[in-house]
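There are structures below to look over.
Each of the next two complexes has chain A plus one other chain: chain B in the first, chain C in the second.
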Partner chain A sequence: MHVPDGFLDAPTSVTTGVVAVAAVGVSLVKARNELDDKTAPMAGLVAAFIFAVQMINFPVASGTSGHLMGGALAAVLVGPWTGILCLSVVLLVQCLLFADGGITALGTNITLMGLATVVVGWLVFKGLQLVMPKRLSLTALQAGIGAFVSVPVAALLFVALYAMGGTADIPLDTLTTAMVGVHVLIGVGEGVITFLAVGAILAVRPDLVYGARPILERRQLEIRTSSTTGASA
Partner chain B sequence: MGAGHGHQLHYHGHSPVHRVPAHLKILALLGFMIVVVATPRDWYPVFGVYLLLLAAVIGMSRVPPTYLLKRTVVEVPFVLFAVLLPFVATGPRTEVLGVTVSQHGLEAGVALLIKGTLGVLASLTLAATTEPQELLLGLERLRLPQQLVQIMAFMVRYLDVVTGEMRRMKVARESRGFSARNPRHWPVLARSAGALFIRSYERGERVHLAMLSRGYTGRMPRS
Partner chain C sequence: MKTVSTRWVVAGVAVVALVLAGVISFYASADPDGLTKVSQDKGFAHTETDHGAKDSPFAGYATKDVDNERLSGGLAGVIGVVVVLVLGTGLVYVVRRRKPAEPAANDERDREPVS
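Here is the complex of A and B:
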């Protein structure tokens, strides 16, 4: 759901533009800690993956379908800073090469769909990781909850921006109810699919999941003696 | 929400519009859209002038108008929103075709349609007349940070590879009789997404190693 040109007034667009530029600037510096000199190729491929995953349609009911936004998924898989970079590049490419989302609304789109979903998804994920038992099997669940929360929060942020610089006077309580209501539903889909996807990746290559690294590092090397040498001590 | 993205929008040609350096086109698009967005919403004749201006550029680019019009489908979700606006907005009421609607909502909806359509058409014109490689060079000339241009370059380079991989996975699923109809099929699709991530990430690692073995030190060679 990309915001088009002329949806929000100029001061709001400029403000979100400044926020987006600052966030991308900080992420460019911080992402080097997550990926060092691999940043360009890795972030580029992950951005291509996010773009592709947004094309997978998940059937909901009676012919309708939705797709993943991927903010929380990217944060858990490659880290929040790289995640912000990837989502921002995806939105930039969609704006310039696919005419999806207005060029004057690019800052708004990056703030809502790049920054807000990644940051909220990551904070919820990290918070749950701190309070829940440190088990690898819970990582996918935490990622799913993070993804679920990130979508309605981004919708609320959109309502807040609309209250500041909307171009039509829709009663705010109606807009809030509608936006949050719809996006809680979208968030359920986002959460379940993020949970399933992270679970699938953890089963095959747990080392690739950035959010699971603190747990993997706590693992002790376990040496099991083979049964052919008889009962071990 | 939003329509799925099709293949690249570029329309091959050698018109004057195709030949203009990409950074000027990006600046022109940005400038044009800022002016459009800043125009008060009831100056309808002025919007007509904008549309004529845009039509002149499209005419000069020799991109068939139908080619562009077909691709304005990305706008559909917001058309729906604009159509709903007159019914949900508050303020003085007015009557259109026997239906009572909000005057402000109607004006805002019409303005949103006009500005949004101008934006989509202008962006499509840029996308249709500019090769992705030129666009990257243009962004570099506009002083977008090197690192960001590089990430974007890798994304554009591998976009078709990754989406092609996804398409093959879809063909493989469907040739085994799978079709996604309801949420019970989500696990299969999510596992596909997971496999796609692992393949993309591992491809990224291979690309990085290949670059290192060719002397990559963190900067791209100038071409």
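Here is the complex of A and C:
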């Protein structure tokens, strides 16, 4: 969904540029609380992994492909603020080195894929974690659902930006239908990849999954209680 | 619970990323992505303007002057993974360094002249 130069007019691009700069600025401060000895070595790696997976376009419908955005994945693995930083690095490198995503559209792309997918993916993930049974095995599923939802929401946000400052006169209802339709399908791929990637890390080192910490802490508390009573007996 | 060291997890993810970008990316779908396809179908693809970085040696995930398609794309992918890894890790390092003075570092400085 990398937006190229020219799709959106200058005022809209400036607006999303300001949003992106603000988001990255706040994230630089807030990420400090997420980055500890466990998430820090993972963060750069998660960015590199997302870059790699974004190169793998998968077919979704006749003559159409899609690829991972990775916002939910990054948020669940290293935390949402660090996730925004990860995606911003990926989008910056793609834009400047690979001419993927316009330079004037960098703010738009960070807003759509760096900010929106992270925020939506994380909120859905946390919401599900709150209401579902507190089991570690559900973490990957919750991450996958968050990822699935994040993609059509980002597509809707693009339509909103296009309504604000699209450079061509396209009927919004058909644009909405087309964008959401294809991005629901891409979202399925996003969900599956996120489920598999989070599941793989959970299987070997659940403590390295930032989003699984509340569940792990609960579990450790329970274990500690039983072991101390065992020791004192 | 089985424990795999962080080092091994990091190495494993790095290898997967390099293989995906360097090798598997060749087999990725070449069809336009969701937004590009919609812009073609709905008739606003022509509003796209020239990319400012179109002369980058890796523009379009191909390495300039490397004719072999597999090698050209694979090289661009591997370089991309390394660049993102270095920038991302560097950024994390800077963000953590700016953390208000860590107690351990303070202790060392404070105790210096004693005895």
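Note that in this section the second predicted complex is superposed on the first by the 200 of 233 C-alpha atoms of A that agree within 3 Å, B and C clash if a C-alpha of one lies under 4 Å from a C-alpha of the other, contacts with A are read in each partner's own complex, and residues count from 1 in each chain.
As a working rule, a contact is a pair of C-beta atoms (placed from the backbone, for glycine too) under 8 Å apart; a residue touches a chain by one contact, two chains touch by 3 or more.
A quick note: this is a predicted structure, and the numbers were derived from the prediction, not measured.
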Superposed partners chain B and chain C on chain A - clash or fit: clash
Which superposed partner A:158 touches (first chain B, second chain C, both, neither): second
First (chain B), second (chain C), both or neither touched by A:10: first
First (chain B), second (chain C), both or neither touched by A:133: neither
Chain B versus chain C as contact partner of A:96, first or second or both or neither: both
First (chain B), second (chain C), both or neither touched by A:42: both
Which of chain B and chain C A:179 touches, first, second, both or neither: second
Touching both chain B and chain C, residues of chain A: 1-2, 4-7, 28, 38, 40-49, 51-53, 55-60, 66-67, 85-86, 89-90, 92-100, 102-104, 167-168, 170, 174, 201, 204-205, 208
Residue numbers on chain A that touch chain C, as the complex places them: 1-7, 28, 31-32, 35, 38, 40-49, 51-53, 55-60, 63-67, 82, 85-86, 89-90, 92-100, 102-104, 155, 158, 166-168, 170, 174-175, 178-179, 182-183, 185-186, 201, 204-205, 208
Parts of chain B lying in touch with chain A, wherever the complex brings them together: 1-2, 4-5, 8-9, 26, 29-30, 33-34, 36-38, 41, 71, 74-75, 77-78, 85, 88-91, 104-105, 107-109, 111-112, 114-116, 118-120, 123-124, 126-127, 132, 135, 145, 147-148, 150-159, 161-163, 165-166, 180-183, 185-187, 189-198, 200-201, 203-205, 207-208, 211, 216-218, 220
Chain C residues touching chain A - in the complex, by the definition given at the top: 2-4, 6, 9-10, 13-14, 16-18, 20-21, 24-25, 28-35, 37-39, 41-44, 47-54, 56, 58-61, 76-77, 79-92, 95-96, 98-99
Residue ranges of chain A in contact with chain B within the complex: 1-2, 4-7, 10, 13, 24-25, 28, 37-49, 51-61, 66-68, 77, 85-86, 88-90, 92-100, 102-104, 167-171, 174, 192-193, 195-201, 204-205, 208
